[in-house]
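Several structures are given next for inspection.
One chain, chain A, links the two complexes that follow: it is found with chain B in the first and with chain C in the second.
And now, the complex of A and B:
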């Protein structure tokens, strides 16, 4: 799994490429703890390169949404691919977080 | 079979004939030497759960399945429906529109007089208590009674009494009982579930009622999945076969397609299942 952090207009944009499951989950949580931490209020995850997310992956995203909301911000999700979208819909995760077609849409949504 | 440290549970949700897709799923698991430690079945899924837990050859399960989903299951339905409308059939909590003689005979064939204690893999069958609406887990006694109760589609098949409780279709309370697998200590849950296709035309009261029931059922399914997904400590692999067209209860001719889609949906998840079990 490849994870990268960009700062776009003060929003942490984290792109995740590869597959996310119970085994790779700790790598992702470790990245958020060490690289994102408390430096940002608002987060966008760019999932254009994420081809698979398991139930453990959904739990990580939910944990991120909770922690960013607790500090007054939010998690917004961008560019979800069909296999991941399917699991988001099945687990009703798309009812909990806002999902946008592109990173740009997700980042600018914080201005509204 | 390869032993893994992780406890693997197979959950087969409600879906009538579509549950035959579990034959395709289990084919893949057998080919991959993936050991299943627990089987949970609900409604139609209970039928296939019994076959798998009993260690029946898959072609035998398919044959029994082909012989079960026939229109004979609906014995006396139209006559009783008419009688219920004109008031000559008095309905109570033990009634159903179908004469269940044929259904019982078929389920006795599948159960083969087995008890839960005869099964090679532990099995839990899920039904619903008609009086208090609670899900009921059946784990002992005779298999026939449990499967019969789990399959008692409300108003169609008469409820079935087990241990003094009047039970109906497990789908009414827990169409994809992942929680049962979690509660029984499963780490890896392979959950095969089915949503109900919606109607496009509504030309009768029954059609509208059926559509509303489908909406309720699909939302119970998704809400329960969402909750179980968040509650579990390890992985739940959703194995949700997609079909080319609507599958109705007696589409036996579509059986090869159903099984093939079950196999396909399992193969999609297989690399991830393998990866987790190797760890």
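And now, the complex of A and C:
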């Protein structure tokens, strides 16, 4: 798994490339703790390169959505691929977070 | 009244007496005065002597030398320190000489001229340095401060203080040498050096700078560096010119403009330049790397070309591997091949021969690796195929096999003897009608025949030399008959000699241990060994090609199924998931169902790994993928705590995020996705069966 953090207009944009399961989940959690931490209010995850996710991924995103909303911000998700979209729908996670077609859309959505 | 005689006489006597007394008194007074004056002179003389003595003592206590001369420059006094410097023990050795008699001969004229000038003008000359010459060849450099001794504006002599400046003089000379050295170093170094003063203008450039950029020192000094070296073609700003780098050093490579207008590749190193705490601006170094850049470019092109060739070679070579394995009813074949380099020497082949249903099987390992081995592999494979075709009408499998082996070997020995290439190989011909395999093992690692329980029934030992060695040795033909469910595994030594990071081989022992199981399919055997050897290799580079071929006689009317098992550890989670995906793909299962099983197996295995073996010794998770008539079934088996997934409550999936529970989601997803789910636990083993209709 490859994880990268970019700052776009003060929004933390984290791109995740690879497969997300119970094994790689701890790597992703560690990344959020060490690299994103409390430095940002608003978060976008770029999932264009995420070819697969199990419920371990949903668990992380759910936790992130909670903690970012608690501090007055949000988690928004961009560019979801079909296998991941399927699990988002199945788990009804897509009702909880806002999903955007692109990173740009997700980032600018914070301006509204 | 008349005066009588005696009173006058008495008066005169008194007067005379008075006169006498006065005279006497006056004399005494004068004597007293003389006496006083004498003592004052004595006192003054004594005071003077005393003062002079103190004065001389003070002079002697000085660190500097002190000399007095008369107006002819003849020494009248020297202090002790100066005597000491010159090595004399008493002033008498020096007093009476002229001052410049004490200097080294080459300075004498100069020094006497300074004395003359002083005596003429009465003005002290500037301090000057001169060499002194003393007793026994002793000498030192002294700094002399010469001044007149005046008496009523008249110069009556000179006094001089002399400070020994030998050390300072030598230090200065050393510094001058060092400065020259540094100057030379700066000038001669092949690195172009620029100093930018605090006013941002160039204050120094060396010869290499002049040479590299074409600007003479006088053209560069006073200019701004960016005006000389920047150009519109250089998109970036010149960091070394503009950046106000405080502590940071700049190290970069880029292009800079030369006076001629061309661009040159340079490496730039720049740093603030301090002496003590004082900032002297910036120091910038440029190394000319244009040659290196050119060489790298050429090298990169050559490498690209070689890589392209190699890539083309690999593509062409992969055309010599069977693209799909021929369908053999009642038989099950699966292979694995992984090249250590882009082109390789291992190969396998499975091909039909003639029209009687015969099938040829080859697993070969060409000595050496790389392009030469690949070429030889291509030759060998083509020879086997073409002689097979040529002799397909031969009566009997053994005769056919013998013809192929002998002809292939002879061709290599006779035509390519000089290249000393050879290959170990197993060549077998299967006759499905009799379930018999006739084979020749030419010096190759012995394939293994396993019975349905996974016991080794036969080891296919070599019966002849490697191909390409000699035409003098015979190839012995052996044969075996497959019983239903029996499986043959052939491999190359890339498998058993695969090394891990510690340098340990995968080994024959491990292969024998891992392969000794009951296998439901050739796919299962090959996948298991592939996963196992890859986990052994870990992060180590793969040194040799790895080839595996499994051939299995199916059981009558059996359901195609594939099995996989690994320890219930989190690191194996992707392996479980991938096995199910590959098994589905191997069986031609529809993509949507494959995706569903991928997620379902992942969720189930994650739970088993995390909870199933809590407080128990970690066991294995087994997967069985079965292709039934109208459904695909995946069975997950474990030996941990029994846990019926079906009894798990569906988590709250409301829209309110704060109410959502985080656990239990995985099981919910599995239930939601699969068509049927059942659970069974017996004798310490648990079976979860997932079904998808197709």
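The criterion applied here is as follows: the second predicted complex is superposed on the first by the 112 of 112 C-alpha atoms of A that agree within 3 Å, B and C clash if a C-alpha of one lies under 4 Å from a C-alpha of the other, contacts with A are read in each partner's own complex, and residues count from 1 in each chain.
Here, contacts are C-beta pairs under 8 Å (C-beta built on N, C-alpha and C of every residue); 3 or more make two chains touch, one makes a residue touch a chain.
In this text the structure is predicted, and so the values were computed from the model without any measurement.
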Fit or clash between chain C and chain B when superposed on chain A: clash
Which of chain B and chain C A:90 touches, first, second, both or neither: both
First, second, both or neither for A:23, with chain B first and chain C second: both
Between chain B and chain C, more extensive residue contact with chain A: C
Partner chain in contact with A:58 - chain B first, chain C second, else both or neither: both
Stretch in clash, chain C with chain B, out of 135-143, 549-557 or 657-665: 657-665
Common ground on chain A, meaning residues reached by chain C in one complex and by chain B in the other: 19, 21-23, 52, 54-56, 58-59, 62, 87, 90-92
Residues of chain B that touch chain A when the two form their complex: 222-223, 225-226, 229-230, 232, 234-238, 240, 272, 275-276, 279
Residues of chain A touching chain B in the complex: 19, 21-23, 52, 54-56, 58-59, 62, 87, 90-93
Residues of chain A defined as touching chain C within the complex: 19, 21-23, 52, 54-56, 58-59, 62-63, 65-66, 69, 83, 86-87, 90-92, 95-96
Residues on chain C engaged by chain A in the complex (per definition of touch): 570-571, 573-574, 577, 595, 598-599, 602-603, 606, 609-610, 653, 655, 657-658, 660, 662, 665-666, 668-669, 672-673
